[in-house]
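Structure incoming, see below.
To keep things simple, chains are lettered A, B and C as they appear, and every chain counts its residues starting from 1.
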Amino acid sequence: MATTQLNQLPAPTFSWLGVNGTAREISDDLADEIVIDANDHSVSKIEISQSANVHINGGKEPQFVIEHLHAENAAVKTTIHAESGTHVKLVQIITGGAVIADLQADLADQAALELVQIYLNCADAVSAITVNMNGRKSVFTSNIGYAFADENALDINLNIVQNGKKTESDTAVRGVLRGHAKKIFRGTIDFRNGAAGASGTEQENVLLLDETVVNKTVPVILCAEEDVAGSHGATIGQIDPKHIFYMQSRGIPEAQIYEILAQSQLGSVLKQIGDTETEQYAAALLGREEQDA
Amino acid sequence: MKQKTQVADIDRSLYDFRYDEDAADFLSSGITPEIIREISEEKNDPDWMREFRLKSLEIFSRTNMPIWGPPVDGLDMRNIVTYIRPKSRMNTDWNDVPEHIKETFERLGIPQAERESLAGVGAQYDSELVYHNVRKEVAESGVVYTDLESAMHDPKYAEIIRKHFMKLVPPTDHKFAALHGAVWSGGSFVYVPAGVKLEIPLQSYFRLNAKGAGQFEHTLIILEENSDLHFIEGCSAPKYYEAGLHAGCVELYVGKGAKLRYSTIENWSKNMYNLNTKRALVEEGGRIEWVSGSFGSHVSYLYPMSILNGRGASAEFTGITFAGEGQNLDTGAKIVHNAPETSSHIDTKSISKSGGISTFRSAVTVHENAVGSRSSVSCESLMLDQISRSDTIPAMDIRTDKCDIGHEAKIGRISDDAVFYLMSRGMDEQSARAMIVSGFAGNVSKELPLEYAVEMNNLIRMEMTGSVG
Amino acid sequence: MALLTINNLSVEIEEKELLHGVSMEVGSGETHVLMGPNGAGKSTLGYTVMGSPEYRVTGGSIVFDGADITNETPDKRAKRGIFLSFQNPVEIPGITLSDFLRNALEQVTGQRLKLWDFKKQLKAAMEVLQMDASYAERDLNVGFSGGEKKKAEILQLLMLKPKLAILDETDSGLDVDAVRTVSAGIAAYRESCGGSLLIITHNTKILDALHVDRAHIIADGKIVKEGGAELIAEINENGFEHLTGKDAV
């Protein structure tokens, strides 16, 4: 076991906020090696219950990989190489205990990566996502959803490096926090010099359901290129009282309204999964988490 | 301020003139307990203040530089002169101010502005105030506006100052707050009694003239219940080869239902390190409004903090930062929601040009008790070429569910369509771009008194057209 | 000699050619109409004459008032007396319409203008267009409705008094009353300085009140027919189809 610094904010800020990074002990257990190549099945589903290194290589046909991480105490590293013109879609459902998830992706010219991540009430999840968009006109789209309750904690560090000309990134994050849940989302769009014509957007929407939650949001834009368009936004808070009133006026009791809205909060992320079985599975898990909470 | 506002007169030399100092007037450079004692003696500090200075020095020595923000390698503390003996006592009549100092402020347009549009003026030259005066009717309403040293020695205010001095910004806050606590000199004390509303602003102007020196003025403003004040701060310095340091401190106490507007146009020379700390504590129903324009300095760290401490307190921050060649300006705002139903709004613009770096940095924290609070942040950045840099680093820490927090940021360039449109109406490209940038800065200029808005637009035009270096 | 002469002009945008050898002349004081289906190249021609950097001239020339302006920047063309009324004028926050117009007027005339005289002129022009005086102090085009933007363009036309005004779809999106007001503005411009007009449109309502000297029909980046005012009636009757082999959109 060794203590490792994780999730360093690419541009550190006021120390007292406690958002510049975190540290965990990482076990040095041997990890499984899993390689998914371009010529494998068009849809690959893998269950991961212990430390693993997953390698995904884009090929002529679009790659569709679904990972279900339900380890109790594990580090899972996924590496994606998307060569010129390839298309990779990765769905990660992350549940379980203490999990460290690390995703590294490299996108070549006109490569596309579509990422869907759903984090469901892990005891302690630390997730790093690094996307290097070196290729001209490469595209990164991500939909990230999380629902956390109890004393559980989620720490995400998304870092999108836009190096290539006319690269496009679009990130949408939706989450629900209740109980004593703690969450940090760091999302960085890093426009490097030379990335002329690049665009990047990022939006986080967080629903807070209890006064004991802790939500930290750090949406960073770094920019060293003139010809770019970047934007980010965040909305954090309670359910709009107008929505509650509207639903009450249709006869739904208040407690149930919270459940409905908490589930609908992640609904748009679940729809992006694109695999019925996995979608139903995640929806069922989400429903159970909500009932348990 | 006419001589400053005419477009034809725009010239960096307006700020760049300077007068030579006698070497004998400088305390030796560097920061040691001996020097602190010397400053304290020079200023005839009460005992508690001398102890405070020495304790701050101790904190300074053991505090590290921040791990974030622009580099300050170019700043050699051993070479900074922390105190320059005054050539003149504080005066209340410009005619008593020594001729070359008076001429400095004449050229900056201060006495004229005082006659035309201000309720009171303070002028600091290097380490000490050289002039302070308020209009008769303002003084009669019980408003106090004087230099901090005089107030500290006046039995009427000594206790108030001891109670408030560096309580909002303690020397333990960060390295340069500690430095300030050790070597502070000059600055203003303002006291507005309950219910008094000043119709026209008070202004302090800080001028750092001496080479290789630091300015460490302390501004302490106390607004009692339901009072109202607009305070304006202006800063400038000529450019020397050696880097200068400004580590001022501003502490604002806004009482119940009171309203304070604090406006700053900062135009230090472009080799100045501006490591300034500003903080306001706002009680129930009170309001703080910051209007801030950052144009000068080589390096800036500036994030005025508003602590909303009573129910319904509110804060608004409107700022613009323009980073040109050789400048690394790290600016923004901090808001702490520490009571129910508090609200805050941050609206900033930043512009980067000719290799300049501008960073917007913010922190909005909402504590458990701040039920029913709202906050919105909007920041927009403009990149004027591809050798510059613009970063946006906001953070939110939210600890209650009963709140509404919004944040939006945008970054981009001047639209080609807008430039073409203006050119099709006869403007050359440079003027078209300058006009768009002025418009971009409109959120700040419309919050400023007219003559300052004009000055700001002139500064922008000067940066954009590069007519004067 | 004609005021505006376009010689065999070819234009491309992002490596796609939009105009293929267009020629046309507009004489002093004349009113011309440029018609054609959507995507035919009407607006391209307007933007190119004004000098938009987006459009690249790959062949031919533009001569205005005896000078070859093919490579001139838009501001120089404006100073020579060319004006383009934009179909979608940009919104520029922070600059009031009044400040902008005074600045433009000083640029175009090269003379300082007394604030009082300017305000008087502006007030008169706004009255012609039935614009509320408050618009002068609003940010340039920001939050203006489609119709208000068009009026603000014509207001600039009235104030700047160019030798040639190119009106790009100035009538589109306007209701009947607004068209009448805008037409009155155009008539006032003609009266005040006798300038030439090149009206780009695909409908003819705005032309009712004007004496049209010549009409040009453009399709697929080429002038396919030219004639007198009678051509307008013909288009109204039969559309563009028989000229272009396509439906007018």
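Note that in this section contacts are C-beta pairs under 8 Å (C-beta built on N, C-alpha and C of every residue); 3 or more make two chains touch, one makes a residue touch a chain.
Note that the structure is predicted; figures quoted are calculated from it, not measured.
Asks: Average the CA atoms of each chain to get its centre, and name the chain whose centre is farthest from that of chain A.
Replies: Of all chains, C has its centre farthest from that of chain A.
Asks: If I average the C-alpha coordinates per chain and also across every protein chain shown, which chain's average lies closest to the global one?
Replies: B
Asks: Using mean CA coordinates as chain centres, what's the gap between chain B and chain C in Å?
Replies: 49
Asks: Report the inter-chain centroid distance for chain A and chain C in whole angstrom, where each centroid is the mean of the CA atoms.
Replies: Here the centre of chain C sits 51 Å away from the centre of chain A.
Asks: Approximately how many whole Å separate the CA-defined centres of chain A and chain B?
Replies: 40
Asks: So in the complex, which bits of chain B are touching chain C?
Replies: It comes out as residues 415-418, 420-429, 431-432, 435-436, 438-443, 445.
Asks: Show me the residue ranges of chain A that touch chain B in the complex, using the header's touch definition.
Replies: It comes out as residues 11-15, 17, 19-20, 191, 193, 196, 206, 208-238.
Asks: State the interface residues of chain B toward chain A in the complex, per the touch definition above.
Replies: Where chain B meets chain A, its residues are 66-68, 334, 359, 361, 363, 365, 368, 371, 381, 383-386, 388-413.
Asks: For chain C, which residues count as touching chain B in their complex?
Replies: 50-54, 73-75, 77-79, 83-84, 86, 89-90, 92-95, 100, 103-104, 107-108, 139-140, 156, 160
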